[in-house]
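Dropping the structures in below, format is structure tokens.
Look for chain A in each of the two complexes below; its partner is chain B in the first and chain C in the second.
Then we have the complex of A and B:
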């Protein structure tokens, strides 16, 4: 009776968004008379940072300080349509829509400024600090607030923009079966080390090492947060959580947190993450989406690590002590595989 | 149903409410005196989202009978900030990205405050132990542990920062 260590590897190609019926999202941007901008979305921020990232994207495109942008996701009845916050699609789909809407709004803002300053709009630029000035002549400048007020009260213009990003529905070629279900992939690789107790069947995740290629990390701390938290959820799916422990039998299904197990703060494993940034050609400022994919590689890596440790191949999640013990029994004991 | 008058202090302010038979403290705080900062998670003491301090001790308010806080001092996340300033723990949570959906955060903050009040220089293991009754779905705990350790270094044990 002893504990066995094993390492498991997994890598994934993760499609951003889905395209089984087209995958559109819209954004509407307008300025208020104080020169601050409102981005209206129906895309919901579940805490993953949708509002932070779209705010950054809008500010960057409009050429105004991030403090001057407010993202309103209050009501999907009154906001422009969005397919939803899922499939890691938010940053990519909504971000692109926000860029398009912000470009249109920026153009009107510069036209209003140009009319006010009696110059050509093409000669104007923003400094990102709330000012619009003539290229090469920073002293010839007005504030974005002055431009917004001129548009609103003198010129009768709405400083606003509309944006939509649509991956069109991809039909299947009847001859070849070929289709283009997705335009943008993120990638990850992970090595997990586990320790398996061959007497109790319990597994402990010792360490995780991963690398994620997420396009440009538009907000590096939010990306890191997603990857750290998501890996924990992956660990939990691999070894703890299930609503159907004996599926298709419904017996012994959990009804509360005493039976629906999740790792607590004492069960987490050190996780070393390397983030690789390879900007996506069709992503907003190169961003992809680190949402769901951060949980995905953990599951196969844990299962492979268990096989490496004791020679038990488990194809049914989660890897419970019962399954490990049954596997050990069937094999006549632990059969550690070669360490790599 | 019998109603029992309960007088207590909530974040230093005198409060009075009627507690009905079997009413728990979480319900009295949220519906009785309107403090919505402690969250209802599981209602059976398994998740820690409802953690408040009673006379400085972290307690699960969903499992505490409301009438038992008569004459006691109750502290919730609402009392952590003073005016426009936020508590060093809240600041550390913010800077360490220790919240995503935020539902566990009030419970985490109160569990962490109870720890720092009695042990201003905790080890990492002390922090893990202190928040072991609190579940978090989003963060993987690591940012929360880091935030509490950082707050301890910045003197979060001082009342109101």
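Then we have the complex of A and C:
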């Protein structure tokens, strides 16, 4: 009786946003009298960082420091419509709406600055630190605060902007399935190394090495958080979780975390991640949504690693010791495949 | 554990010189989260807050002969026992807001239940403990019906009919077929010419989203004749629209507040809690909370549904896949929720990130007597990716090619044509494969290292097939297979609504909300309750409620054109 190691591979692509489109999101941006901006949304921050990523997108587009922007979201009286936080649509759809709203507000701010400075607005640029200056002449400058004050107290202009992003709904051909599902795809590849105990049937994930292509990592720490957590979830789906252990029978359904199994701290495998960025032509600053796809390659990579280790194919998830042992029994013992 | 950014790849497609984008800025809500001060829905406490628990079916499938709530109502502290007839518009499909399926699910069932755990009554009480005690005192006279739990059993002739709107246990796509089709080229002809035909069967299990914060909502009467609802929803206006529809309320009277959620993963889209909490609030005039406990969350809350996939590949000796055929079964559980949508998403995803000249899929959305399935991270994709990538490993093993080399041999590249008949752009699968192999020390050939997503695609690979084999199987004849199709469907729907409306009279104290006008004069004193005070029930029984119950005139928002092909006929 012994333990066998094996490596499994899987790669995937992932559609970003609701399938077929037809899922708008809106944003409203306005400045207070001091040139500090508020972004109003109705999008949901599930912990993924919706408020942070839209804040950075607004600051980048407005050309002001991120500390000068806050995001207020999900009060239906004040936030304009958003379809919701699902289908990896938040960054892509809401991000684009925030860009549009911020561009409109920025244009007003630059117009106001131009009037104050008696120059053409097209000749102005922001330095991202709270200043607006003439291109090529940084000394001829005005602060964003002065511009916002001039707009609101001298010129009678509202420094605000509206944004919406909608991919029009695609038809589906009933006979061929022809459709435009989404406009943008993320990618990933995953190699999982497992160790299989041929006496107990237990598997342990030893290491994960992966690459994820996310368009652009708008906030690298948030991307890291998504990929690390998502891969853990994929590992959990592969070898731990189910609400119906004897599916399709409904017996023995777990009702708490004593029975609904998930990998604990001792089960977490080292995960080495490479992040690739091929900007999406219609993504906000090229960003795609990394949130959902990060779990997907882990499931098949785990079962492929089990096959590589002991020659047992597990086609029904989750991989349980019982399934592994039955497979070993059917094969007359472990049949390790080529080492990789 | 390490994270690296491969800025060397696709560098010429990217401007890395930006002010805020690409910076690891800390979240604006971080301090609140780590100090436990961020306001989640359950942090909005009201004096006199009432609590809800549901009476649930112990059976997979049963007819409700009667519900006796009298003993529960007599329990001290019980403020209201809500049953189906109290719900103004007690039939909904979550996707009807997207015009994507027939209304098929009651908020509280009153005729039959189709899964274990289906709610038939809701207790509103001073405390959760009292609500739980009262649940045990509700007597339901059940007539147990035969049930079906397996997707392939459920679509056999003679199987118990799970869902009244789809009696054959299959969703109807585009008003035309009992499954979603994908047809690209001629799979059967290609399979005949292939060197190898490789088959597989894959089963994805149901999984719980398992957020730390369970699903729920708190509703309270607001001044100005409105209701405020604090919610954990993932789609604020989605839930608002669903509540407005089920409660037959103008959306102007609903004020939803959410946005900070303790994990969702897809499980907080179903909008079950908001309408029931608001209804409890409407019927008692008091703030009302409805939340899942962990057991509810795991067994009654909708999971990621199970999927079963059969894949048949035609493969040449050199590793090229020339044909790929899918038969897929999504286990929707008892009601549609979002499963019909996920299947079209899955169809658009096939055959995975590969350029295969002949692709075929039949995907069925099947109703079974289990907890309805809903969205979860990777919805419509995770299950079939498991099947595809598991299958790819078998193909590699069968033809004796390294698994990574096989992927790259078949990988889609810029300019290729996909099976849903759109050109592939902005692809990066090959680079992901190369980088992962490098990180893991997986030896690959020089050929693998030289490949690129940017070259080798398009040309002949970008052309549509000269011939696509199509068929009519699974065609749903109008009025022939049960009740599908235009006219007969509509009739069945109205009949259902009429019976629903004409069923047992509501308990004496219940205001008949069904006919409550959308806009009420703000001067009516009974309709401006304060949030924290004891207020009379919002709808006076003397209101314009004398009209007989009528078939529902459904407000179907024209936000989207018809996809299912049924609702707009």
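One rule holds for everything that comes next: the second predicted complex is superposed on the first by the 328 of 340 C-alpha atoms of A that agree within 3 Å, B and C clash if a C-alpha of one lies under 4 Å from a C-alpha of the other, contacts with A are read in each partner's own complex, and residues count from 1 in each chain.
To be clear about the criterion, a contact is a pair of C-beta atoms (placed from the backbone, for glycine too) under 8 Å apart; a residue touches a chain by one contact, two chains touch by 3 or more.
As the structure is a computational prediction, the values presented were derived from the model and not from experiment.
Colleague: I'd like to know which partner A:271 touches here: chain B for first, chain C for second, both or neither.
Modeller: both
Colleague: Thinking of the overlay built on chain A, is A:134 touched by chain B (first), by chain C (second), by both, or by neither?
Modeller: neither
Colleague: Is A:164 in contact with chain B, with chain C, with both, or with neither (first, second, both, neither)?
Modeller: neither
Colleague: Give one of first, second, both or neither to describe whether A:179 is in contact with chain B, with chain C, with both, or with none.
Modeller: In the superposition, A:179 touches chain C alone.
Colleague: Touching A:47 in the superposition: chain B (first), chain C (second), both, neither?
Modeller: A:47 sits against chain B and chain C alike.
Colleague: First (chain B), second (chain C), both or neither: which does A:121 touch?
Modeller: neither
Colleague: Regarding the shared-chain residue A:221, is it in contact with chain B (first), chain C (second), both, or neither?
Modeller: Both chain B and chain C are touched by A:221.
Colleague: Where does A:233 make contact in the superposed view: on chain B (first), on chain C (second), on both, or on neither?
Modeller: In the superposition, A:233 touches chain B and chain C alike.
Colleague: With both structures fitted on chain A, tell me whether chain B or chain C touches more of chain A's residues.
Modeller: Greater contact footprint in residues on chain A: C.
Colleague: Quick one: is A:257 in contact with chain B, with chain C, with both, or with neither? Answer first, second, both or neither.
Modeller: both
Colleague: Which chain A residues are contacted by chain C in one complex and by chain B in the other?
Modeller: Shared contact residues on chain A (touching chain B in one complex, chain C in the other): 46-47, 221-222, 224, 228, 230, 233, 256-257, 262, 271.
Colleague: For chain A, which residues count as touching chain B in their complex?
Modeller: Residues 46-48, 221-222, 224-225, 228-233, 256-258, 262, 264-266, 268, 271 of chain A touch chain B in their complex.
Colleague: Please name which positions on chain B make contact with chain A in the complex.
Modeller: 42, 44, 46-47, 97, 99-102, 127-129, 131-132, 134-145
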